[in-house]
Structures are given as structure tokens and as C-alpha cells.
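Multiple structures follow.
Next come two complexes built around subunit A: one with subunit B, the other with subunit C.
So, the complex of A and B:
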């Protein structure tokens, strides 16, 4: 995921934070999960669709660490391959939310008055519909391909990013350096991209990590009810759905993807808290 | 009073804008729900498709479709399902019960858990109790309601047979069984919702407990209980009221998938089914209804806060 890298923010911020050498446990755990999914073929000897009809619902063993599913496929392998899709949707939608939200919020903060009203009231309206229902409407209208799923999730998360971007930009542009820049005759675009953006990046990054957690939950929810990633493609939500069908035969089948979703969301929340708590430090400007 | 009028007007505008947005998204692509309904059926000819289209009003311009939807709403006629031809309003009415009960119980449970926990945590900020409560809260926030639901089913229905795993029994039919079937779903919603109130209320309480009026009350010899309940809590709870609105939104959204997990035929299950079938007539009304509930609760909570606060009551706000 892109967010694990966003800890290292602008150069000014990096110079200050010399004490943070070892990444926190939450980030390390996320990193391990991401790496295991990316390098899944190296981690497990099985393929995600290797069936073994002789051993359905096998218990956890040295060979199958988490046991097998109804067709004797290795559960851990399927989780790792499924994680690729979950993480892709998650990362893709976070990037979309970040880009759209930042432009949305910064332009609202910059063009006060009528434009700001329009932009922020639009955000209010989209946030008046519970996210999952909004997602249902969009999926019904635009279909549930991987691309549309990513775009829909990204667009749904964009208003929260926009609000954050707007409020930090307003704070930032009320500071002296900004008016000094204007007085010097610097262009607004240049000031915003070169001077303001690096300063608001930590806040935006923290919001992006929170968004990653929401995206993970949204994708899992949609896939779980069958309106997200479609089998035979798989994500953690799809695996949870399949495990849910065999709750009485083999609880591990549902527990494994559930725990993986929980751990990822938990770590993302922790990482966002950490980013958030360092973002209010006074920025030393050269 | 000006504040009340302003808040009501804003909510009304929000509601109208929401309905336009939902309608616009569902009609954004030229896909045809009638064709989707007939799908692969044998012997379908163009005349049949046209007849169905006109009975659903799909052959009229979009603007007129929108206004007939809104006009129908004002006297409870939401049109018919493209798929089952049932009245949408009667489908919604029969699905309303489980969702409302689930939402009310989920919010009530969240408040019942969060308020005492916040008071306990705020007594000694950074003490061991505060730290453990905060830690549990942040763990709870990581639980998407449906994941919590599945884990609860495994623990409480499959391992020990305390509660039923699936199914909704109407309150009117058997209140005891109804409550039993509601316990696990409510807990799964509250797991994520309670921490939201708890964190906010805790920090408000900490501020209140550090204020001069609390020091005065304690100095006059009021017992700790009284200081907490009579002096600190009312002042801290007032700004936390807003969180109730937020929680309701969370619970309404969460109930969509929770209903699926527990096999309730509520509004959430109805909307999932409608999204599957591309049954726009049902989907648009259900989603609008849930959004309207959310907007209404937020409005009520805001007005309640305005009315309860002696500083703003009767003034602007």
C-alpha cells in the first residue's frame, strides 16, 4: 500500500523527526501483510486454484497452515492471492480519493465565496447518504468490475479528504508566509504547490490512511454481499462470503479472512493516529 | 428561532439534493432495467419490452420521471418494483420494522456502554483504567459490523448455543424471542459505534472535570458522584449529542450488511437485493428513505442540543 510510505513526508518534516527510526509495529505488520500478498508465490507452494478433492475442510496442519476449503484448496494461499485484489482496490481508491479530494478541498479554500459554497455543499450532500448505500447505488448503476469498484470507492471517500484539505489549507493560507509570498508577487498555483502543499501533506496523509481503512471495509462489505469483486476472482470479502456459507462445517474458513480484515483495519487506524498526532508539530520554515 | 429555521431549511435542501443525486446516478448510464428483467427469457418481442417500459414510466423524459417519483412520494405512492411488480411502498413498510428496531437497539446499546465507560475513563486520565478502556475502544473501532457479526455467530451460536444465528422474529409475535434474535446484531453494530461516542465524550469530560465550576463544586464539598453526574456530565454530554446523529448514520449503514449476515429481511437486505436486480424503483426509494432518516436524526439532535443548552435557547445559536 502506498500509505506505508507516506510516513516520510516533506524534507522539512523528515529532518525534524530523527527519533522515529524504527517504524511502529502497526506499520511493520501492514508491511508484512502487503509483502506476503505481493510475493504470494514465494510464500506458499500451492496455487490459489489447486484443488485437492480428497481433503476438503482439512484442519490446520504443517502442510496447510490454515487448512483447506470445500474443494481442498489451501486457505492461506487463497487469502494471500485474495489480498492482492483487496489491497489493489484499497490502494487505488485511496489514490483517487487523495487526488480528487485534495484538488476539491484546496480549490474550495482558495476560491472563497460562491465556488467554495458549491464545492462544500456538494460534499455535504454526498455525505448525507450512508457510504455503503451510496456504494450500492453506484454499483447498481455502473456494474461491479474491478475498475468501477476502485473508482466508486475512491469517489465515495473523496469528500472526507476534501473537507480535511479545505480546513488545513485555510489554516495554512492565513499564515504570514503565504501573504508574504503573495506580496512578493509569487503565483498562487506556485505558492500552493511549492509552499502550502508540503505543509498540509502530513494531514492529508493521515486522512489517506483513515480512508484506506474505510476502503478496506467498503470493499469487503460489497464483496461479501456479492456486489463487489466477483468470483472466481477473489478478495478477502469474497473469501469471507464463501467461508460464511460453511460456518457450521468449518469456522476457520470464515475466521481467517475476518481476522485478516480486522488486523489490517486496526493497523491502518493505529498508523493514522500516529501520523495524526505528529502533524500538529510546529513546522520550522527555513 | 432563527437557528431552528435555518437548520430546518438546510435539512430540507439536503434532502432534495440527495434525491436528485440518487436519481441522477441511477439514470447516468443508458442501461435498461426492463431489458435486464426480461433478460434471456424466451419469446420476448419488442412490443412486450415497450409495454413494460411504458408501464414503469421509463419511456418518459428523465425530468418528468423524477418529478413523478417525488410527486408520488408526497402521497405514499412510490411506484412498482420493475421486478416483482409489487408496490414499492408496501415492500418498504414490511421491511421497515427490523431495520428500525436494529438501529434503535444498536444506538441505545452504544450509548449505554459508552457513557459509563467514558465516565470511568475520564476520572483519571492516563491512568490504567483510562488506558485499557481507550485500548479496547480503538480495537472495537476496527470491527466492521458484519465481521463482528460473523465472529459473534461463531462464538455464541455455534460454539455455545446461547443465541439464534439467523432470522428475525417480529416483536409483536414473540417479544422474548425477538430480543434474543436482536442481541447479536445489536452488539455487532455497537462494537464499532460505541467507541466513537466514548472517545468524544471522554475528552469532553476531561475538559469539564478540569474546569473551574467543577473545582468549585468539589470545594463546596459535593461528593464525587454528584460532581460527575450533576456538574461534569451535563456539560460534557451536550456537545456529544452531535455524535448520536453520526452514530445513527453509522448504524443505518452498518445494518445493511448486518441484516444480510443475520438473515433479516429489513431495508438493508431489500436494498442489496434491489441493487442485484437493478430494480431502480425499489433502490432509489429505499436509499432515499434511509438517508432521510439519517438527515432527520441529525436535525433532531442538533435542535435538541440547541434547546437543552440554556446559553442558546431562545437566542440565535
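So, the complex of A and C:
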């Protein structure tokens, strides 16, 4: 498709210009958090479940930078290992939402008519269900595990991805190059996957980042009501819930995971904004 | 079953579960008093009360809790917190005093027949309900009929089941005929409150009461305002009014106490008790003898815990000291003999095996029971409530891991939690169920849970039931104590439940509050409370 090639060249050039800039602080912060969690065994000498009942609620020190919890476990270590799980749920659910939502939305946009009505009204109904309530019922039914949390969160976020996918696909398929492709006899699947999808990807990526922030909050909420992962696993939400019970004994216990959740969600939202504005600039520029 | 029906049933089960434990505890407390009245009293330590000063007359006391009061009817009382009203609004024939001894209440005296099967109570003359109606023996008879009605969902089913008949005797007495001898019968009915059955329809708005306070305003699950009852037969209450309010959660309640919005707070988070004790403006009130004990249950009819060696192994694998320290913030006492009775309970004792934490013994006994390295047990707990359970689970998980046994922790919401094991008779192999029991410190009360058909552990032991029955029928305190100790030996050897610690529900008050005390079941008593002058 020579036509699409000429269209994609300036887009790619602009993309290169963007990536060559210094990453924004939000992305840098996210990167630091992710790297510290991933390489937690290199950052801390303790295990996340190394119990030391003789030293509960130890104050911050050179040995325990954030002190210890009620069982004498190193708080920083648990935060880093907990972050692994929170970020895993976050990433996994975003992938699930992205895959389901994209197929869902693109199918609706491409087929239009009755099929579109059915698909999008289903999305509307799904989005009308309170997320926490739905998640609580699902967790009660299927149990609380890393897998169930990831799948449930992913399914809950899929409709928002579907809406975005449908919207940008309709916008994209209304352009001349798509009509020309059809007129030249190109297959719809080929056009959608080879030409349309790369062009709607920035919008979907922006939505995915927003979903990541939502997934982070959803996981933390479920964990806070005690329906997140179960010990010995931990996430930031689980630590927040456990720390809340000892708010007066050791505020750091609850504040530290809360701050990490807040910073991560804030950075994700900023990154999503940046992605969105970049996409917007691409559209309005001549 | 429809979802709504299912949830309704589960909720009911959950409530009933808690209710059962609490009720049993209450009945036990009464037993102590019964012994006293019969002249065969067991010495009971004195409950701790707030302050040492004298309360001035007047003032409004606000007491809070993270739990709300749902209903006023003492017969249908559903939660432990509802019991705060027992001593404020209602009276029974007998009651338990601060010293743990049985005291006259609506009955001025009582006596038993030689066979301990017939009990006669003389009613106090001149008692009136707050609606002006005089108390008569007919009120006692009709209230008992209400308790015994199969359609009445009361906690007191077990305590009224022993009564074969209640009849008026003359103009001012009632006679109870029992199905079996019970030397501690008065104490077993101390939680039965007498109501005006003719005024039952107004019970939830403006109940007719005989207690030191009466209801001014009630909004269910939110707040209750009481004012002094001028027609109370005893010494008038010091306080003009008591407000009982609900806080969003225990942390918010504690903040309200510290800021001065509350004068007292029931069920303080155990992790905060030490901080309260260190605060000169606040005081923590606890019972002297604890009637509340942690009870972990397993199915004693299913493998692996149908083998007594597996149960004894688990008893050895429980690190009681760490659990008391980390999960219960040190607010209680360790039970190394796996005994529902606290070590300072007058009836504690017997030839008891010491189950102090010992993983070597645990591993050997588990192996004999066929529970080897790589085996998995499951902890079935409640999410977002009872954080002490979750901490205990993690301590047990770490202990079992050291001997190669996995403990899978599963916490679910409280509505679906009971469905795996409640009511008694259900099969739940391999599960460990955390729970707690709230009773008075009397042995007859605390051991009710181990009777046939009561414990979800399905330990239906005829020998224990016979010992319990014999102890009830024994008026001699020494003889009764010996029987209770035999019952403890049986529990100790069989380990049908696991009691790592006994703990207390703590009430916190401002230091200006005097006269407030807490009974062994953890219920605060405000009937004589007031403020220092």
C-alpha cells in the first residue's frame, strides 16, 4: 500500500522527535519505582516474610530504613516486594483490557449497525455496574489470587478500552486512505491490522495508561477491604490495609504504601495526559 | 437458592454465630452469682472500675463504638454491643455485681428445693415499669413464655431450655421447675430480662423499662439517648443522660475519644490500649478475670484432625507468645494448656499437658498422624475484620513452614465466611477456622461451647457432657471445681479447639469518668457511672 506508506512517514518522524526528548519527571519516577521493585533483592538484604517478633514496630534506622511492622518484618522490603505484585496486577490487567477492548471496539466500529449496538450497549451496561461491587462479588466467587485479581481488573477495564477503540477506529476508517484501500480491493482485516491499527495505537496506548492508573486504584481498593492477595503475598493495597490498623502505633506503615500508590497513579495520569496531548498535536498539525 | 436469599441466610448465620458465643458467655457469668446465692459461692476477682473519686450528680455521658445498636428488645438482642443496655434499661430476677457475685435484682431472695430442680424467687415489692405498670409474677411468666417461644430468635435458648415450667406462687413469687438439677440456676438466668409483654409493640421506640434509665430517642444503628428513669426502684443514676453513638470505624472512634467528643469508647483496638494507658487524660478499663478466649476450630471428624495426634501437633505448633504480643498487642494472657479458662480463673486447673510452642514435638506428632512435609492446611478467615486473626495466621504460617507444612491463608467477606463450617455438623476437612468466644468467667458458661452440638468442631463427647451435667448438679463448690478440672483435662488431652490466648475487650474513658466497670465478657457497665466533681 503505497498510499499508507506516504501517510505514515511524517507520523513516524514526529514520533522520533518526541522520543528523543528527555523523558518527563513522571516517567522517570515511574521507571525508578518499577526498577526498585523489580530488583528488590538487590536493594534490600531482607526477605519480605522474614519474621522477627522480638522487634515489632522498630523505628527507622540504618538497618531498617522505614522501620519494621507488627511482626518485625522490614517495611521497605515489603513495600518493594508488594510493589512487584501491584505492578504485575496493573500490567496484566492493562494487557487484558487492551486486547479485549481493542477487539471489542474495532469490531463494533467495523461492523456498525446491529452488531455495533449490541457490543456498545453491552459496554455501557458493564460500565454502569459499580466496579468495586462487581469485583467484590467476583473475588468472593473465584477467590483472591494474583490471577483472579488481574483477570477481574482487566475485565472491568475492557469496556473503556472498547469505547476508545471504537471511537478512534470510526474516525480513522472515515479517512480517504481507508476508502481508497477498500476501493482498490484490499481486505478489511488487512487494512485494519496493517494500516488502521498503527494509527490508532497512540490513542489506545493513552487509554491503556489511564487504565493502568485505574487498575492500581482498583487493586488497592480490593486489597484494602481484605480481598486482595493473601499472605504471604502482599501488595501496596494489602500493606495499606494492614498499616491502617496500626495508624497510631506507626504512621509510616500506612503512609508509605499510600504515598507509593498516590505517586504511581499520579505519574501514570501525567504520562497519559502527555500521550494524549502528543496525539492531539499530531491531529491538528498540518 | 436466590442470591438474596443466600446472602440473607449467610448474614443470619454470621449474626447467629456471634450471638451464640456471646450468649453462652453471659449465661456463665450468671452462674457465679447463683453459687454465691446458694451459699456455695466460688470466689471471684473484682472487676476493675474507672477512677477512684466520687461521681457528682448530673451530666451527660457520650459513649461510642464502631458498632451500632440495632434494636432495644433485650430478648432479641443480637450483638455484643447491645448488651450495654442490659444494665441500663432492664432488670432480671438476679444480676451480677462488680465483684462477680450474684445479687438480687427484681427478685429480693430465692431458694432451691433439696433436689435443685425447683427454684422459688420472691419478687421485690414496689417495682414499676416506666409506663407506670406494676411488676407482677405474671410479667415473669409471660416473659419466660416469650423467651421459650420457638419463633423468638433469642440468644438465651440454651438457658431457657432447661426450664420445664414457670408458675406464679402467691401474689409476689414465681416458681421455676427444671428438667434436670442445676445448682447454679440463678446465675444461668441472670441475662434474662423481664419485659412488659403488653407494651411489646412499643419496644423499639419507647420501651417500658425497669432500669435506672429510660429511652428518650432511638435511631437504629446510629444513636440512642437515654435519660434518668424517675421510677427506678434502686438508687437514682448519677448521670442525667447517656448518649450511645456509632462511629464510622474504630480509628475514627478513637480520634473522637482523644478529641473529647466521646467520654468513653467500647472495644478499643487492642493495638491502641498501651497508648491510652500512657495518656494521663485517658483510662483503659478491663475485666479482672477474662471470659473471652480465642478459639480456632478444626473438623474433628475429618482427616487429618480426626486424629488426636494431629490436633495435639497443631497445639504445639502455635506460637502463643508471639500471637499475644503481635496480634493482640499483649492485651490478654497466653494459654499454654489450651484451656478456655484463664490461669487466674478460680476453676482453672487439673492435670494439664503444657502445649508451649515446640516445633519438634509438633513435627513428630504430625508425622504420626500422617501429616508430613509438603502437606497443606487452609486458614479460613474473614477479610477486613479482626486484623488479629490475619496476624495470627501469618505467625502460624511461618511456624508451620519451618516444619515443611504449608498454610494457605484464605480470607473472605464475613457474609460468606460461616458457610463453610456453620452450623455445627458441617464437614470442613483441613480447614482451620479462627473465632473467639465471649463468656462470663464462670466455668459453666465458658464450657457451654464444648457441649454436644454446640462447637462447629463437631467434637461431641459424651464424657464431657456427663462431666458438665454432674458439675451443674453439684452444689458443693469444691466438688464442682474438681469436676470442672476433669472437664479441662479432657479438653486439654483431646484438643478439640485451640486456645492460644485469652483476651479482653477494653473500654477506654476520659480520666474524669468514674464508676464505669467492665464485666468478664467485656461489657461496660454505666449504671453507676458519672463524672468527678
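The definition used in the following text is that the second predicted complex is superposed on the first by the 262 of 286 C-alpha atoms of A that agree within 3 Å, B and C clash if a C-alpha of one lies under 4 Å from a C-alpha of the other, contacts with A are read in each partner's own complex, and residues count from 1 in each chain.
The definition used in the following text is that a residue touches a chain if its C-beta (ideal position, glycine included) is under 8 Å from a C-beta of that chain, and two chains touch if they have at least 3 such contacts.
Just so you know, these numbers come straight off a predicted model, no measurement behind them.
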item	value
Combined model on subunit A where subunit B meets subunit C, clash or fit	clash
Between subunit B and subunit C, more extensive residue contact with subunit A	B
Partner chain in contact with A:232 - subunit B first, subunit C second, else both or neither	second
First (subunit B), second (subunit C), both or neither touched by A:247	both
Touching partner for A:56 - first (subunit B), second (subunit C), both, neither	second
Touching partner for A:136 - first (subunit B), second (subunit C), both, neither	both
Contacts of A:39 with subunit B and subunit C, given as first, second, both or neither	neither
Touching partner for A:70 - first (subunit B), second (subunit C), both, neither	second
Identified clashing stretch of subunit B versus subunit C [22-30, 40-48, 112-120 or 202-210]	40-48
Intersection of subunit A interface sets (partners subunit B, subunit C)	136, 140, 224-227, 244, 247-248
In the complex, subunit A residues that touch subunit C	49, 51, 53, 56, 70-71, 136, 140, 143-144, 224-227, 230-232, 241-242, 244-249
Subunit A-touching residues of subunit C, taken from the complex the two chains share	251, 254, 269, 271-272, 275, 319, 322, 325-327, 382-385, 387, 390-391, 393-395, 397-398, 408-413, 416
Contact footprint of subunit A on subunit B as seen in their complex	14-15, 17-18, 21-22, 25-29, 31, 138-139, 141-144, 146-147, 150-151, 153-154, 158, 165, 249-250, 252-254, 256-257, 260-261, 271-272, 274-276, 278, 280, 283-284, 287, 290-291, 294-295
Residues of subunit A that touch subunit B when the two form their complex	121, 124-126, 128-134, 136-142, 213, 217, 220-221, 224-227, 240, 244, 247-248, 251, 254-255, 258, 261-262, 265-266, 269-270, 273
